[in-house]
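Labels run A, B, C, D, E, F, G and H following the written order; every chain starts at residue 1.
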Amino acid sequence: MIESELLHIVIPILLVVCALLVLIVNDLIIATIALGALSLLLSLEFFILQAPDVAIAEAGIGAAITTAIFIIAIKATKRM
Amino acid sequence: MNIALYIFIGIGCLFNLIGVIGLHRFPDFYTRLHAATKCTTFGSIFLIIAVMIQSIAIWTTEGISSPESVLSIHSFIAMIALVLTNATGAHAIARAGHRSGVKPVRAVVDDIDGAKIND
Amino acid sequence: MAFLVTSITVYIFYLLMTTSSGNLLLWSKEELIIGGVLAIVVGALTKNILVKKDLRMLSPRRIFLFLIYLIFVWFPALAVANIDVAYRVITGKINPGIVKIQPKLPNDLSLMILANSITLTPGTLSVEVDEKTNALYVHWINVDKAALKKMPRDPKYVCGKFPEWARRIAG
Amino acid sequence: MSALSFWSPLVLLFSFVLLSLVVLIFRNRGEKRYKKGTAQTKIFLAGEEEPDPEKLHVKAHNMYWGFFEALKHYYGPTMKAHTGIINDYLLWFVSLIALTALIVFISG
Amino acid sequence: MMWISVAIALVIFIIVALIRLIIGPTIPDRLVALDTINTIVIVIMIVLGAAFKEVLLIDVAIVYAVLSFITTLFIAKYIEKGNF
Amino acid sequence: MTESLFNIPFLAIAALIVISLYIIITQKNLIKLVMGIVILESAVNFFLVSLGYRSGGATPIYTNAPEKLMVLPVPQALTLTSIVIGVSVTALMLSMIILIYRHTGDIDAEKSRRLKG
Amino acid sequence: MQSLIIHSPILAIAIPLLAAFLTPLIGKFSSKARDIVVIVALAVTEFLVLILARDIYASGLHVYTLGALSPTLATPENFMIPVRIVLEVDAMSVFMGIISATVALAAAIYSISFMKRETGGTKFYTLLLLLTVGMIGLEFTGDLFNMFIFLEILSISGAALAGFRIRYADAIEGGFKYLVISAIGALVVLFAVGIFYGQYNLLNIAALAKVMQYTSLDQLALVLLIMAFGMKLASVPMHMWAPDTYSVAPAGTTPMIYVASQACLYALIRICFTLYGVTMNTSTIGWIIIVLGVLSMFIGVTVAVKQTDIKRLMAYHAISQSGYMLLGIGVGIAVLADPVALAAYGKTAISGGIFHIVNNALYKGLLFLTAEALFFSLGTRDLNKMGGMARNMKYTTIFFIIGALAISGIPPFNGFTSKLMIYESVYQFSPLLAVIAMLVSILTLASFTKAFQSAFTGPALPQYNNVKEVPKPMLIGMGILAVLIVFFSLFPNLVVNTIVNPATDSLINQAGYISSVMGGL
Amino acid sequence: MMSKIVRTITNLFTPFIFMFGLYVIIHGHITPGGGFQGGAVFASGIALLIVAFNSKKVQKHLKEHHLSIIESSGALMFIGLAFAGLAFTFFFNILIGSPIFGQIPPEGSNPGFIWTAGVIPLMNIAVGLKVIAGLSAIVLVMALSSSNVRIEE
């Protein structure tokens, strides 16, 4: 099961990279895209952690609905 | 059977690799979209077919009501969804990119420039 | 009619999802019943979305043609496209441009089939659609000089025989 | 309840009633001839006109002025700390967690 | 074993695409990268479903294939300045 | 159990928490603040799920389950609940931000502030 | 009747929840029927809590298992830990439950006429009932994760209520701040719950308390929990959201949100006394809580004196009064491991703190309601613009006087009783703290004199000549609380002996709590 | 309003997304998923309609107060099912052994029989209704509010 452990090393690092991207950018759209990527990778990590229930919920909520409402909120307010 | 499996996996990985390399090799976003959409979709189709081949092989050995059938059929559904959404998504991204004002780099011809598009 | 078509379509989808649940062929009788109920619900909800007074896709000839098209025309084109893109990724030779084509397609479904085929096949990517005239604007990675002669460009250069197929399938 | 053994509000209530009786007696000994609404109950300010009630009333921000002036060095920084910015609220929270965690870890 | 190796290779592709997401000069570039990552993640899910021999895990991939499309459309609609 | 707390995922969780707290404290843009909260929530969800993970365990669904070690189901149920709550909180915050923008014309924490002192 | 008592813990949570989702349906047909449903549901809740309380004072702790007849799970044999969702109601919980239910009832009655001016009344009542559910659930649950869930229910509905009047910019801002603070606090709580689960695979409070080791991870979890709940109950220096939120929340809900904060104080007490108990370093934790309390008292009251917005002034007083509770409870925690000191003054300190919770909920609720009545009649919260209202609003003035005297600790009133208990016991622990507490009491009186003088006395201002007394339901809502205050003032010994002392005893007796929960399994 | 291609594919996809959401809800007790996840998938279908067409156009067919009624009835159904077990204790699974979802599954690994688990599938349906209505209402109302941005006061 050593390969499976390798995935556990790589994906968390990618999560941190996405979070850092959210931190450093000023444009909220880019931050939303990074947040979407974070959510997506988190969903994959849940999948690898043998939690398909949580993965579906995170995919449906984190990736689709949350991104959608962030985009709508940015549309209703302003971008920077 | 195993050899076919390896060939399919090899093709799938290769095209996915080409797709992500294309993301970096190409100069502007339209051409990157070419690489990303086509190659990753093609590679993904091959990988999913590989999964299906394996599960169908198990299915045929275990009998008709084996749960492996779920794996192959669901993979097939995922594949159809993937192909349709990728194509449409690529179109949506291209249109959005064009409307947001990104011009193609080194373009020989640009018919949209100045054309009136009915919305 | 629209309701029936929608219900049966989603019922088939449900049956695909629930294979190997029992002994009646592949399904158990509870799954069949519940699937029927759900199909009726979804059919009632979405009968105006899936089928808009347009039942031409019910004809078996069209479905058969569609399958033929997918396997023998579209998939080889996809393979060629990918090898082409792979070649361009490695060598970096590109000659891009956006061209307008007027495939003269009658309805939305055929346009969708054509546009998605274009997106996934050799060096082309549909960028814009004209809502009234159904003209497509296509980003072409390797513009052929021969195609640039007249103003709605000849679809032959851009996407081969796809418009005919699309018209035959969904026209 | 040991802490409250000497404390009974009923006694206090009783004394309160007694006190109010006394007050009532004093009140009834007052001048009976004064009538409401006439010049008899008007405020007499050395013959001047009665000022606008708006000006007569002591405003809230004028009260305890001397107190605030005396404690200027305390009130200045304290009121400045209440910025009303949500990030500052959270900064207090996070830094307090860090400080407390340090104290708890050190003391064991 | 074989499937997990494939998954690791695909994760490495994700890293490459993520670089484009980070440096991409324009927003459509980043969106393309996100779309690519979506596709690869779906494939990883299917491949890992085969690797873990859990037939039920494929459902997650289907959900994801559909829902990532919605994300893409929302962002695309924002950058083409459409009204929701 | 305690020794498994020192794995790479846990370091990543710590990093995520630090980053999100940094976003929350320093970013004056209210939508960015909400993004920080979303990241914090993701980190906590990730933490809960990793607590239940057993190396080589099977999915905690009894259908077709092979006879082997199973991942703990309780943290997954907890995480689900937390995700549900998280989306409602996020939606409420964002709608409040839209209203703040309508009233004050800004989404900066400093410029849109009315209450202080 | 017996089965009603057995099921009353869950019914007290489920009936408001049922009513919360019934109101949107009924509100479609008739708004009068909707009001009646809300009031009846809250009255039934109050009744259930009261009969539960009577039974608990007679026979001790109640354990209620959801979804199964016994709290153990059958599948792994000999797995004798409570894995089911369990409600554990002891004297302390039910004490808080009585407060929450009473204030909720008063607030709902008060809101009836108030909501005639607002739109969206149905949503308002749904949120009000959900807030009640959150409070009572937080107090009755026996399980850390459910504590988190009810905390979130409480926060979300509270924030939505605080920002209910969306036509005011500051209302939205106050609601938003409350929501952000609560969301982060709740996530911190969830993280601490995760730490416990990772170490012990348990979520039940009693079961956790039995195996608690006080490792360094437990210390971290303790700090996180104390600070998260401390922020929710607005202890200085994490208090700054409280004036923003309390000052903008609509009438009737301000006391509710305040009592919700007190429910978080309950959670803090429960964690310190029952979950950790004597395994933790009691003097350090006790001193941390004492310092938080003293800071809250002092800074809260000194800033309150300077305020000119009447609701902000009262909000700062709310912070300062929370400081008294924290002080009393902190002293109790600091001497928890020392039986002699505990018997000598620790118990009195805890009792004083707990008694102060109920007193405070009553008079603070009354004061918030009078402030909102002023806002209802005058349309402003600014004390500078008020004056002479005693002529037009006689009953409100009387209620304000009662509340102000009670909060300032003037002898016949109940505020004095609990403050006296705190002074006495704290003086034996550390004289300086008692002196600070008395100083704070004086400053409280000073600031309420200011508020009273500006709002009610003075010449009749011409612009408020035709201001009328507030409508009758609002007066009834205030009247309930005022009558309770007078009752508590006249018979403090009765109240202390019947409801406060059992709560204190059940808190101190950690071993008894554990054995009576685990013994029932 | 996005382009014609996107709209056509949306029309094609929506029934399947809805069906898949309902599938996830119904099979909550035997496959990954449940009321919440299925409801989220279903609501994403509505989000897809909103993004491909327009929130105003969706609002013509889907009013907010309908959603609020669905949400309340879902919640009431859930609490009612919980109350139904009150003869034993709250949330008690009374339907085990009854004709509705009442079969007891055989021991060991099996393909997952849908006709089991008593009251849990019904609760999944209730939760699903509530989540469908709630999430759709969130997206719909926010989209509507963003489309007519105006500074009030």
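Just so we're on the same page, a residue touches a chain if its C-beta (ideal position, glycine included) is under 8 Å from a C-beta of that chain, and two chains touch if they have at least 3 such contacts.
These numbers were taken from a predicted model, which means no experiment stands behind them.
Shared contact partners of chain A and chain E comprise F, H.
Relative to the whole-protein C-alpha centroid, the nearest chain centroid is that of F. If you compare F-G with B-E, the chain pair joined by more contacting C-beta pairs is B-E. Seen from the C-alpha centroid of chain A, the farthest chain centroid is that of D.
Averaged Cα coordinates give chain D a centre that lies 55 Å from the centre of chain H.
Chain B and chain D have Cα centroids separated by 73 Å.
Rounded to whole angstrom units, the spacing between the C-alpha centres of chain A and chain D is 53. Chain G and chain H have Cα centroids separated by 35 Å.
Residue positions 169, 176, 180, 184, 244 of chain G each touch two or more of the other chains. For chain F, residues touching at least two other chains, in rising order: 24, 27, 30, 33, 58-59, 61, 63-64, 66, 80, 84, 87-88, 91, 94-95, 97-98, 103, 113-115, 117.
Counting partner chains per residue, chain E has residues 27, 31, 52, 54-57, 59-60, 62-63, 66-70, 73-77, 79, 84 touching two or more of them.
Considering their complex, residues 1-2, 6, 13, 17, 20, 24, 31-33, 37, 41, 44, 47-48, 50-52, 54-55, 143, 146-147 of chain H touch chain E.
The touching residues of chain G, counted against chain D in their complex, run 176-177, 180-181, 184-185, 188, 216, 219-220, 222-224, 226-227, 231, 237-238, 240-241, 244, 281, 284-285, 288, 299, 302-303, 305-306, 308, 348, 351-352, 383-384, 386-388, 411-412, 417, 420-421, 424-425, 446, 450-451, 453-454, 458-462, 489-493, 496-497, 501.
For chain G in complex with chain F, the residues that touch the partner chain are 83, 145, 148-149, 152, 155-156, 159-160, 163, 166, 169-170, 172-176, 179-180, 183-184, 186-187, 190-191, 193-194, 197-199, 201, 203, 215, 217, 243-244, 247-248, 307, 312. Note for the complex: chain F touches chain E at residues 58-59, 61, 63-64, 66.
Taken in their complex, chain C has these residues touching chain H: 6, 9-10, 13-14, 17-18, 20-22, 28, 30-31, 34, 38-39, 41-43, 45-46, 49-50, 52, 108-109, 111-112, 115-116, 126, 128-129, 131, 134.
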